[in-house]
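Since the structure comes first, as structure tokens, the remarks are kept for the end.
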Amino acid sequence: MPFVNIQITREGNVTPEQKAELIKGATELLQRVLNKNPQTTFVIIDEVDTDNWGVGGEPVTLIRQRAKTAK
Amino acid sequence: MPFVNIQITREGNVTPEQKAELIKGATELLQRVLNKNPQTTFVIIDEVDTDNWGVGGEPVTLIRQRAKTAK
Amino acid sequence: MPFVNIQITREGNVTPEQKAELIKGATELLQRVLNKNPQTTFVIIDEVDTDNWGVGGEPVTLIRQRAKTAK
Amino acid sequence: MPFVNIQITREGNVTPEQKAELIKGATELLQRVLNKNPQTTFVIIDEVDTDNWGVGGEPVTLIRQRAKTAK
Amino acid sequence: MPFVNIQITREGNVTPEQKAELIKGATELLQRVLNKNPQTTFVIIDEVDTDNWGVGGEPVTLIRQRAKTAK
Amino acid sequence: MPFVNIQITREGNVTPEQKAELIKGATELLQRVLNKNPQTTFVIIDEVDTDNWGVGGEPVTLIRQRAKTAK
């Protein structure tokens, strides 16, 4: 009965189909590697605003802006 | 000083009164079983879109649709 | 299909019976308030060392020591 | 490669600049105390509705209303 | 820069090789579905004692004992 | 009443003093930036085995071994 939490930035329009693929893939992974029952595997996807996610000491919002400007 | 996190699907209109009941109930549970001080018990409720919650390898959105169709 | 995470400090010898009561109580709470199915309710209890839990800017270890000394 | 999750109530208008300060501060803290590499330090800020956050057995929404009335 | 947290019960001797497979699989899943960079994908596996994990209102410890007795 | 969770790899002998510094620093950060009350700020530190933490699709255990060999 595994529980999987996937946190990603909310950007680039993640579709319901892509979320369904993440759920299916994570569930199959647990079944393949540890023989866990898919019926009792939970997957929760959290989408986080780029203002609220930091890496390297900076919000992702700033990192994305700099990447755009640099093009 | 316990910390309780309750994650539920966002569906069926959970009211502020129901959330207050969950908070009260979880706090009392910790007090009753472990004698924890309610004043330092935190409860956080997360509501998760049905597209973002999977069980059995599928999003809850699909599971709910199938249940409706089957009626 | 709720997911409940209870975090408590690891101290005072929490027994398997008390953990079972927390699991039962949290599951019943979700059933009573939101009519959630117990069969798909997960409860996970995390016990955290008092060195690793802080409140008021201090580890709980120090707070407990001071409380003892003050007696 | 630390991971820091900061959960706060959604109230009082937290600005992107304040979030950037939290991200910067948490990242520097891990670098200063444990010599962790900022480039692989993640910080995620979650803002939680006051209806969904409880302390002392009550939603923060009620606590804030009582504080206002008491003024 | 996704963050994946996999929670499983601590039982049946999960090997370092199996953990490495979970990490590899989850990272590839995020790359395949959302084109996320593996270099900034974190995976954290938590193993939880069966006394501390409940489903159906009962600790997994009890569920496993009953399953054994029923054989 | 913020809640801060710091997850780090369990390696290199993190002392109780360093944990106390992390707790103090995170609590002060929330007070400085958002004027949060230290008395209701929780900090929880989780130490994760290097077998259980992955980045770039690999367990940290392997990454550390390779770094040693490369010296």
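Going by the order they are written in, the chains are A, B, C, D, E and F; count residues from 1 in each one.
By our rule, a contact is a pair of C-beta atoms (placed from the backbone, for glycine too) under 8 Å apart; a residue touches a chain by one contact, two chains touch by 3 or more.
These are the chains along with the protein names UniProt gives them: A, B, C, D, E, F = Tautomerase.
Note that this is a predicted model, so its numbers are computed, not measured.
Student: Looking at the contacts, which chains touch chain C and chain D alike?
Tutor: Under the touch definition, chain C and chain D have A, B, E, F as mutual neighbours.
Student: By the touch rule set out at the top, what is the minimum number of steps from chain A to chain F?
Tutor: Step count on the best path from chain A to chain F: 2.
Student: Among the chains here, which has the CA centroid at the largest distance from chain B's centroid?
Tutor: Between chain B and the rest, the longest centre separation is with F.
Student: Look at both sides of the chain E and chain F contact and report whether the same residue positions are involved, with over half shared, or different ones.
Tutor: Interface between chain E and chain F is built from largely different residues.
Student: I'd like to know which pair from A-E, A-C or E-F copies the C-F interface, where a copy means over half of the contact pairs are the same by residue number.
Tutor: Residue-number overlap above half with C-F among A-E, A-C or E-F: E-F.
Student: Would you kindly tell me how far, in whole Å, the mean C-alpha position of chain C lies from that of chain B?
Tutor: Centre separation, chain B to chain C: 16 Å.
Student: Per the centroid of Cα atoms for each chain, what is the distance between chain D and chain E, given in Å?
Tutor: 27
Student: Touching two or more other chains, which residues of chain C qualify?
Tutor: Residues 1, 3, 7, 22, 26, 40, 42, 44, 53, 55 of chain C each touch two or more of the other chains.
Student: Classify the inter-chain contact topology: is it line, ring, star, complete, or other?
Tutor: Chain contacts: none of line, ring, star or complete; other.
Student: Each pair of chains that touch: what are they?
Tutor: Pairs flagged as touching, ordered by label: A-B, A-C, A-D, A-E, B-C, B-D, B-F, C-E, C-F, D-E, D-F, E-F.
Student: Residues of chain F touching chain C in their complex?
Tutor: Of all residues in chain F, those touching chain C are 16, 19-20, 22-24, 26-28, 38-47.
Student: Hey, which residues of chain C end up touching chain B in the complex?
Tutor: Chain C reaches chain B through residues 1-9, 12, 14, 18, 21-22, 25-26, 29-30, 32-34, 36, 40, 53, 55, 60.
Student: Which part of chain F faces chain E closely enough to touch in the complex?
Tutor: 7, 48, 51-59, 61-62
Student: Could you pull out which chain C residues touch chain A in their complex?
Tutor: 1, 3, 40, 42, 44
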